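A, B and C label the chains in the order they appear, each numbered from 1.
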Amino acid sequence: MIRFEPRLAPSRVMVYGAPILAVCFTLVAGAMLFSALGYDPLNSLYLFFIQPISDSYGLTELFLKATPLTLCAVGLAVGFRGNVWNIGAEGQLTMGAIVSGAIAVTWYDSTSMFLLPIMIIAGVLGGMAWAAIPAFLKTRFHANEILTSLMLTYVATLFLGYLVNGPLRNPEGFNFPESRMFGDAALLPLLFDESRLHIGALITLFVVLLGWFIMSRTLIGFQVKVVGLTPLAANYAGFNPKKVIWMSLMLGGGLAGLAGMFEVAGPIGQLQPVISPGYGFTAIIVAFLGRLHPIGILLAGTLVALSYLGGETVQMELSLPLAVTGVFQGMLLFFLLACDVLINYRVVLGFKRKAA
Amino acid sequence: MRLELSGITKAFPACIANDHVNFNVEAGEIHALLGENGAGKSTLVKMIYGIMQPDEGEILWEGQSVTIENPGMARKLGIGMVFQHFSLFESMTVLENVALGINEKGPLKELAKRIVEVSDKYGLPLDPERYIHTLSVGERQRVEIVRCLLQDPSLIIMDEPTSVLTPQEVDKLFVTLRRLREEGRSILYISHKLDEIKALCDRATILRAGKVVGDCDPSKESARSMAQLMVGEEIKIPARNPNAKVGEDRLVVENLSMSTDDVFVADLENVSFTVKSGEIFGVAGVAGNGQNNLLSMLSGERLSPNDEAIRMDGLSVGHLGPHKRRKLGLAFVPEERLGHGTVPEMSLADNTLLSGHGVSDLVQMGFLRFSKAHNLAKKIIEAFDVRTGGSKSEAKSLSGGNLQKFIIGRELLKSPKLLIVAQPTWGVDAGAAASIHQALMNLRDEGCAILVVSQDLDELFAITDRMAVISHGRLSPARPTHDTTVEQVGLLMGGLFDQVDAWDEEAQR
Amino acid sequence: MIGFEVETIIAILLGVARGATPLVFAAIGELITEKAGVLNLGVEGMMLVGAVGGFIAVVATGSPTVGFIAAMLAGALLSALFAVLVLFLHTNQVASGLALTIFGVGVSAFFGLKYIGTPIKGLQAIDIPGLSDIPIVGPLLFGHDIMVYAAFVLVAVTAWFLNKSRWGMILRAVGESHHAAHAIGYPVVLIRFCAILFGGAMCGLAGAYISLIYTPMWAENMTAGRGWIALALVVFATWKPGRALIGAYLFGGVTILQLNVQSLGLDVSGHLMNMLPYIATILVLVLISRDETKIRLNAPACLGKPFRADG
């Protein structure tokens, strides 16, 4: 018989131990999944987790994928701390890509050095504008932001589909649903030759540090935390919950928009019907796995990026479906939520003494 | 013997709630279970009613050893319970609430008839079709009592039944309880109010820190001797400084009204009063009569529709938020310690920022100064004798009394011009209550204006200089406390505002 | 305007019922879960798992009945995972629900991959000779598949259960105040567990309706946000089964409008038309949420709050 007994104080060890434990459980469950499918579990796990990053190109790909995940998750985590459940980062990312991409396509022959900075600002503003809708509907009409931000994701994706099939379709592209390729001035500079890793990865590192500083050292971060933990105490302190809703959605939307801009001006180089394999959704997992802490999110983003690469590797080597990635990500989040119970509870084995 | 407990022990990870408790209840007696907050009374009765199971010990019912697995089984044995925080469902009808709380499953129509029968028989009028959220606190208690009586119980457990009633309602309740005793039913009456126990109970068992420390016949003991058994130490009565001087008007509230569509709270209607510097002004009243709205309007958590309805030192502040009012010298201690006055999951140091940001040097240019917050928390802990692991302890790890001392200390150290306190000693042990009362009196002597909103009449009579009563969102005229009697306050708490005029005329004579 | 053929209108109205039916099932399932005080945001994931589970069962056995039962089991199984996390490990309900959706999307895509492009025979409309031959009224009243009628029955039974039955009263009580229900002696966790399982089974059924009847095939993410729309419907319905039915048919109408827009002779991009249900959901949410008091009076008071029996 296993029981959970409340701890007197939350366990410091488990705050950091739980994510590691969750990763271990995921590995075990993954091994079981692979062997159930008739594959050698150790070899499969090797292919999934080690093989993809065994050379330098693999490593650059890892950070390339970690970039949008981390960016989105840092923004979402601020909201989650403040009890603002923006789950529409995917849509905000798409909007950032659309707005910055539209600029790149309109001035496709520009060589101006200002094009890229303008695209970055446009991407951020695009994401923000899309996140402003749920913020407005929440603060003005109390409409649930979970549902509105998610519905807007579908709208954004369809809007992108409309654009690449219509107004922004490449006139010389044989009716393929794609935009023109961006000009060189609209592409992010690469960090290494022979790789796709771009300067956005460095900007992301800077954003992570900034996010950490804001959340732990400023009154703004303190306000978000108080509003999220105890709305009544926030009232008492005189913090405005509406301001926190706006702030966290603007931050989440802006960073997701930036991530979208990085994708189209980085590895993709044009507008396509699909520009993200669900980065905006997966960022939710990354945010939780990283303990809603920017530095933790950076580590978690890298780990989850690996699940994308691993999924591609086992698809090629074992001809398993790409959906393995989603299964792994889902399992990881489940195990993490379950392991979190150990922060406030300890496991006790054996029966409880009954009354005599 | 109706009920007998022997060697009942229940331990929680943080404390031993009951330590080898022995006592018994005879047929046809009202037996008091007396003890301070946290003495283990509630845990004990939860085990008798089957909500919790004892770790050790035996429960004998009518001489037979029983294991009470759940409340349904307790009801089957003939044990009924009236809860302190009522176990009622707000958005459901009286009828549905009763049906949920009894064992038999019959058609609702018949049950409605029986509710009316029983409520008529015991003088507890009830309409089965009313929704709970439309009932007053006293009426809600009636629902619980009627629900309990429908089971024809031979033992009724009542957990602090008078804490939410006016003195007149208490008298009526006692009439009902004595009648139940005459019918041969036993009542286990849980309270910490000594005069009530003296007036009502046949025997008393006194509990302290989970152990039985005494048994007595309340009618033969003095309130003082029972109090000493209960508290275990001499109780200090707060000292008044006779030379304190009352100064100018600090807080003036004039025709403050508000109305909401919210059916769960009482509106405010033309509330007017003044608090002067150097005095403690008390607002008495049964919970749910508009105190929460009044407090949130005064603290700035809810803005007044009329800016001039609230004035501090002559300045209109009705449109200012909590932060701006704090800058003018207001300090506020809300009723809910965890989750309103503090963030439970944050450290004491972080919690100093809650009311300290913008009015102290804890935050500069938007950046937090952690070392200063820790120093402040340490200072509060030392000055107000807060028992805790230190400034890094989470607020929720403190006991009720210690957390209250911390919050009051946090607000007092800002040397406020105006302090508003809700239920300063609710659920706090006697030692902490005495030190909180003393701190408030000292602050008054330093010239602070203090408003105390409380349901505890003893407290208000002990520390206030003037008091008024709130009922259905209206506030009675204020009276000097030494010219006021408990009976007068009780009439006003019951909403008998017609008699206010009589009171006024009497006082003017 | 263009004159319509009667047949076209009938076809459109039949389509409305088919668009609405999965929403009815999912919304009623979620409604029961929420009435017990639990917010399960995993509707979309449970629907997908039900869709793929039902589809695989039909491919294997050829029996739609087995398919629907398998879908309900699959949905309930996934919801059991959520129930364990939320009820026993006290995890955050919002986060756990999101996890359930992410996991459901992954799992359904994983197991469904082999079945993409596999054809199955859709369930036919029940055909009562005589009755369904009556012009206009006949097909409209008697020309649907059996699940359309089952949805109506489900709504009626749920309304009766919640408002008239003792168990329904207990369910509402648990959602209203888990502490009071616990103090009176009701097994809060067990009741919530059952409510979550029922919700999961209904969502599974809703998913199977999509993969077996609405578009008889399997495709990744084929529920296309209907789970989220069902969640919005519960709010729109202010937790009343009858209103959930009306809401579902309104949305069914919007969905069908989008499919039939070309036959109405309008030239609008399909991508833009496809936005309609999502935009409609947002509008409906805004309309209903404007009145905060109304929501507060109707929403289960303990919705989303964790319950611990100790203390």
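Heads up, the rule we're going with is that contacts are C-beta pairs under 8 Å (C-beta built on N, C-alpha and C of every residue); 3 or more make two chains touch, one makes a residue touch a chain.
The structure displayed is predicted, hence computed values, not measured ones.
Participant: Greatest Cα-centroid separation from subunit A: which chain?
Facilitator: Computed centres place B farthest from subunit A.
Participant: Given the contact rule stated at the top, which pair of chains has the most C-beta pairs in contact?
Facilitator: The largest set of C-beta contacts joins the chains A-C.
Participant: Please report how many Å separate the Cα centroid of subunit A from that of subunit B, as a whole number.
Facilitator: Centre-to-centre distance between subunit A and subunit B: 47 Å.
Participant: So the centre of each chain is just the mean of its C-alpha atoms; given that, what is the distance between subunit B and subunit C in Å?
Facilitator: Chain centroid spacing, subunit B to subunit C, equals 45 Å.
Participant: Please tell me the distance, in whole Å, between the geometric centres of subunit A and subunit C computed from their C-alpha atoms.
Facilitator: Measuring from centre to centre gives 28 Å for this pair.
Participant: What residues in subunit A touch two or more of the other chains?
Facilitator: Touching at least two other chains: 6.
Participant: Residues of subunit C that contact two or more other chains, please.
Facilitator: 310
Participant: Pull out every residue in subunit B that's touching 2 or more other chains.
Facilitator: none
Participant: Which of the residues in subunit B come into contact with subunit A in the complex?
Facilitator: By the definition above, subunit B touches subunit A via 13-14, 53-58, 67, 296, 299-301, 321-324, 326, 332, 334, 336, 339-346, 350, 353-355, 357-358, 363, 366-368, 394, 397.
Participant: What residues of subunit B sit close enough to touch subunit C in their complex?
Facilitator: 12, 50-51, 70-72, 74-75, 83, 85-92, 96, 99-101, 105, 261-263
Participant: Write out the stretch or stretches of subunit A touching subunit B in their complex.
Facilitator: Contact set of subunit A toward subunit B: 5-10, 217-220, 222, 225-226, 229-230, 232-233, 235-238, 240, 353-356.
Participant: Where on subunit C is subunit B touching in the complex?
Facilitator: 166, 169-170, 172-173, 176-177, 179-186, 293, 296-297, 301, 310
Participant: Sort out for me which residues of subunit C touch subunit A in the complex.
Facilitator: Subunit C residues touching subunit A: 41, 81, 85, 88-92, 94-96, 98-99, 102-107, 109-110, 113, 220, 224-225, 228, 231-232, 235, 269, 271-272, 274-275, 278-279, 281-282, 285-286, 289-290, 292, 295, 310.
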